[in-house]
């Protein structure tokens, strides 16, 4: 039989992206591109006060504005039983529109529906709200005192949200006491915001059958459908959530926001489609922020630099509502990864979270829940320990790395690392960057008083949430799913419960299927984001797509292969046991001349299936047995200008190990993007509040997203240690660069300043902070 | 007020409010949704279009009225007769996009750049694209793409 | 953002006349710089519509005033609130009315402006100049009008 | 975000624009490049009742050098300066430097030099450059046209000598002699940000290598751009030594009265003013072949 229809080796190749033609021609389909007959626009009235009683809301003038159709307030929603919205933890709730009082600046107070964007804005401006300002709690340290109770609506009358801990407190305390050396540092991972270029938005409309069709910028459409049903009481079959092209998410588009509920209510109330698109200011001031962890880090070690214990106590600022997008059982997410790549015999980590008069959130900004905070803490801490002991940070790391032969490695805080070769990855990086030469150059420069720094981060990530025994959102276990249909002519369609926001699923998912079935990836259509067609999944964030849906897709394809084997046996006129899958096609064992391709089998599945069940389809739900643990070595080289405090990142090398690589081009692109966001977090991006609770970074002139000129040129390389428990050995990569790089940047700057005696500077590392550090150090020297 | 703007060679005469921004004129009055809006401060460049052939402008920081009587080229106008423009081809070849939201603005800024600097260095490309933000690519591949397009256009200037 | 200002005006008029004038909402309203209209609600409350014009910030803005005279008749405090489109500007201004020799009265004034929302975030640098102008000009106009009258 | 509604008038000529401004007074704003005005309108901080659009006025869209004067019309774009053939000449190095760092490359396509001067942002770039180069503006008022020296033109934050109903028609720079060079030094958090601190320097040397004239101005160092007269006087007639440059830098640091903001503390910005003056002078002198 002919074999030219077989396509070999679709995995591990830099296939150009199948989704790109529409994007490069301006034919993408983003939520704001949608338009429906009679569609209204919604604008939201927001509070200028961080904490205030609402004395009165007067909407009469707004209703007189030409084009304004309706205005709703918290009272209206409360009356309809829609005053509050559950957060994804399940254990806190959030006001949809302010009821009685506002708890953060820019909180949603009223929603205006009008014929045009302009009219909606005019209407919002005409809503008169009278506030009675209340004392403001702008940080967790103040909140802790409970001097001002922020959430009287809750049963427990305290600002304390939760205490979470893991590890052995007593043994850790004893081990620290017994250590030769202990380094201790408070590190603040400041509040920042994912700020995807496409803001959040939606279009809500009800059809003649009373069915809600909800187009929304969502990283998790199925969870939205369930959440909307829970909040509104609309039966889930009457809700159709469509997540079209998404202009970047980075965690910002995981939570359900008040604006979405308002748009749905408006569409129901007025009987016309309602579009709501955030302004950039609304995006930065009211939708999911990230980080805001105040971490006290303690590392103990022996004289020779063997680590003995790790203790981290964290104060978490969650804002006005606990809308952190963490799985229910992990209020502090995967912070337990804080032991990093090192063999700590004992460790203890605890997090206490508090309410403040700041925007709610705590989303996983391009990272698996709270892994970035943990990774920063341990990688900064290891550098401080090296500094304290006068050791080369590289030698200290090598000494304490989990060794290749120790995997699967049970960490002191309860994770079982799947696989890795930390020493190898580090060696590859040292070789590639020319560490020896850099050290010599640095010595020469230091002799001349110039400030050059080399910074390392040898992080381990934990991604792919997650095993159902541990992970759920609103009680829904964090499995994922895939459905594959192979058409008679050997093309097919894959549907998954994930949702690409730029990750390239339309290409990589097709590559997996093509690889497993010997078909042409160009003829495998990938569809995501439509809850009417896609199987139920938890969506795309926390680098979970490849570890969960990627696995489900490979397994579904293998199911198809098993069904195809029966048909192949029929075509080859042998018993099923005599057919083997070899070199991307079926072959009669030991008879290389007798083969049949998947394409031929596909046609037979509909035309000549013999006694076998017709068709060639499979659905697979995948509940991962464990997380995956990508790792890497990042090296930053910086020069610091003594006079201006300016830091120039001269070189940056990222050597990642994300297991099996599906598409090296896409993996490299993910790394470039993640590094740029890590760079931004280290030097530029911060959501600051003043002591009065005013948000100081409310648009792109003050929330600093780096341009092509600030961003360094990125150098990348890879090592491959497959995951033993993942069907194709892949671990996920989207977030490693954002998780691993901030510590490398900061370590490099501190290394540059270390001759002056500078120990630590909190992010973002601004010129002003660097200049002060230098000035103060010089002053000390006198 | 009445405005008449030639967009991608087609004249659009519309009655609009004076406060109508060019970006929304293109998106909502001409149905050309390739031009995106990502901020309110003229910072992100998602809305960049080309005016009168070689001038890149931020269409959300310009009123439609200002473009009255002018020729506007949007991302939808780049491909000619079904053939991708060398810039579009290069962004695809070099993986110069991920979520695609900044891409139209990046393409149009690059289009105008190559009119003024047909053969830019990496450094010049980084300087000239500094009015456009991208959150996904880290810019490495966008720089590569613009360099590839420059080479293609140099080889076959007719394609300009 | 939180801005503080202080100043002093010496007025060639008796304290009684000064006190009487600054207790008259219509009269005080007219002392605002670029005031277009004053709507008096009661002896201590009035709205003033003023033409604001600093740099990019231009147009008519409405401010609500509350006069808070001290019982002793030697201090006048003023609460001024304005804003719009999600912003709030709260100004407070107070002046000690001090007799400084025959036919001369001193106004030792201080004021602070607290701005919240987009106005502070985007227009902060403009606002400083505007708030200072609003407060200092108001007291300067008090002097000028009483000087003219006297 | 959508601006508040307004009426739009497209001026048919400079005379027409002027007549409209006279008629409308405070209600009207001139729309030139709009790169500062339109964002302010989108936030509804600026809400003019009428915009008078002068972008169509070709007679205001010029950059010309004649009889020892460089003139730029009211709608001459930043990008036109950046691309002008003469901008590469050493004597124009101050304008060369600034034309590449105003806002961002796309904003510079629409942004205008005169508009930026009229906006008089405390952290503007062109205002400091105009001071250092001793530029003058042509303003049309009820009494006809008048020229205003830049020192008198910059009145206060966002306030200039252009009164309501008036309009600025052009800015003029005298063409420097061949022993002149300049430098614009700007520290910004990222491209497109307002300056954290910026310094404009222009130096003209005598044949004997002494300084004939120095122009030194600071941006983001007060209510609006400021001239450091003390530093200028220090250099005048002197050979530019390292000590002199240090003294000029110290004078600039003293003169700087910045506001603390997200860009940095007062002390940091005062320090920057000195550092940048020193670097600016060194670069200008280096361009003149003088190592200091």
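Order of writing sets the labels: A, B, C and D. Residues in every chain begin at 1.
The rule is short, and it goes like this: a residue touches a chain if its C-beta (ideal position, glycine included) is under 8 Å from a C-beta of that chain, and two chains touch if they have at least 3 such contacts.
Owing to the predicted nature of the structure, the values given are computational and were not obtained by experimental measurement.
Asks: Across the interfaces A-C and A-B, which one involves more C-beta pairs in contact?
Replies: A-B
Asks: Suppose each chain is reduced to the average of its Cα coordinates; what separation in Å results between chain B and chain C?
Replies: Distance between chain centres, rounded to whole Å: 49 Å.
Asks: Express in whole angstrom the distance between the two chain centres, defined as the mean CA positions of chain A and chain C.
Replies: 51
Asks: Take the average of all CA coordinates in chain A, do the same for chain B, and state the distance between these two points in whole angstrom.
Replies: It comes to 30 Å between the two C-alpha centres.
Asks: Chain C to chain D: how many Å between their CA centres?
Replies: 34
Asks: Among the residues of chain A, which ones contact at least 2 other chains?
Replies: Counting only residues that touch two or more other chains, chain A contributes 117-118, 125, 279, 281, 696, 699, 701-702, 705, 707, 709.
Asks: Of all the residues in chain B, which ones touch at least 2 other chains?
Replies: 17, 19, 40-41, 43, 127, 129-132
Asks: Would you pick out the residues of chain C that each touch at least 2 other chains?
Replies: Residues 84-85, 118, 122 of chain C touch two or more partner chains.
Asks: Could you list each pair of chains that touch one another?
Replies: The set of touching chain pairs is A-B, A-C, A-D, B-D, C-D.
Asks: Of all residues in chain D, which touch chain C in the complex?
Replies: Residue positions touching the partner: 4, 26, 29, 36-37, 39-41, 43-49, 119-123, 156-159, 164, 223, 259, 261.
Asks: Can you list the residues on chain A that touch chain D in the complex?
Replies: The contact residues of chain A facing chain D are 117-118, 121-122, 125, 279, 281, 643-646, 684, 688, 696-697, 701-702, 704-707, 709-710, 766-768, 771-772.
Asks: For a test of understanding, state which residues of chain B touch chain D in their complex under the given definition.
Replies: 1, 17-19, 21, 40-43, 45, 48, 55-58, 61-63, 65-66, 68, 109, 112, 116, 127-132
Asks: Within their complex, state which residues of chain C touch chain A.
Replies: Per the stated touch rule, the residues are 1-2, 83-88, 114, 116-118, 120-122.
Asks: Using the touch definition from the top, list the residues of chain C that touch chain D in their complex.
Replies: Within the complex, chain C contacts chain D at residues 51, 53-59, 84-85, 118-119, 122-126, 128-129.
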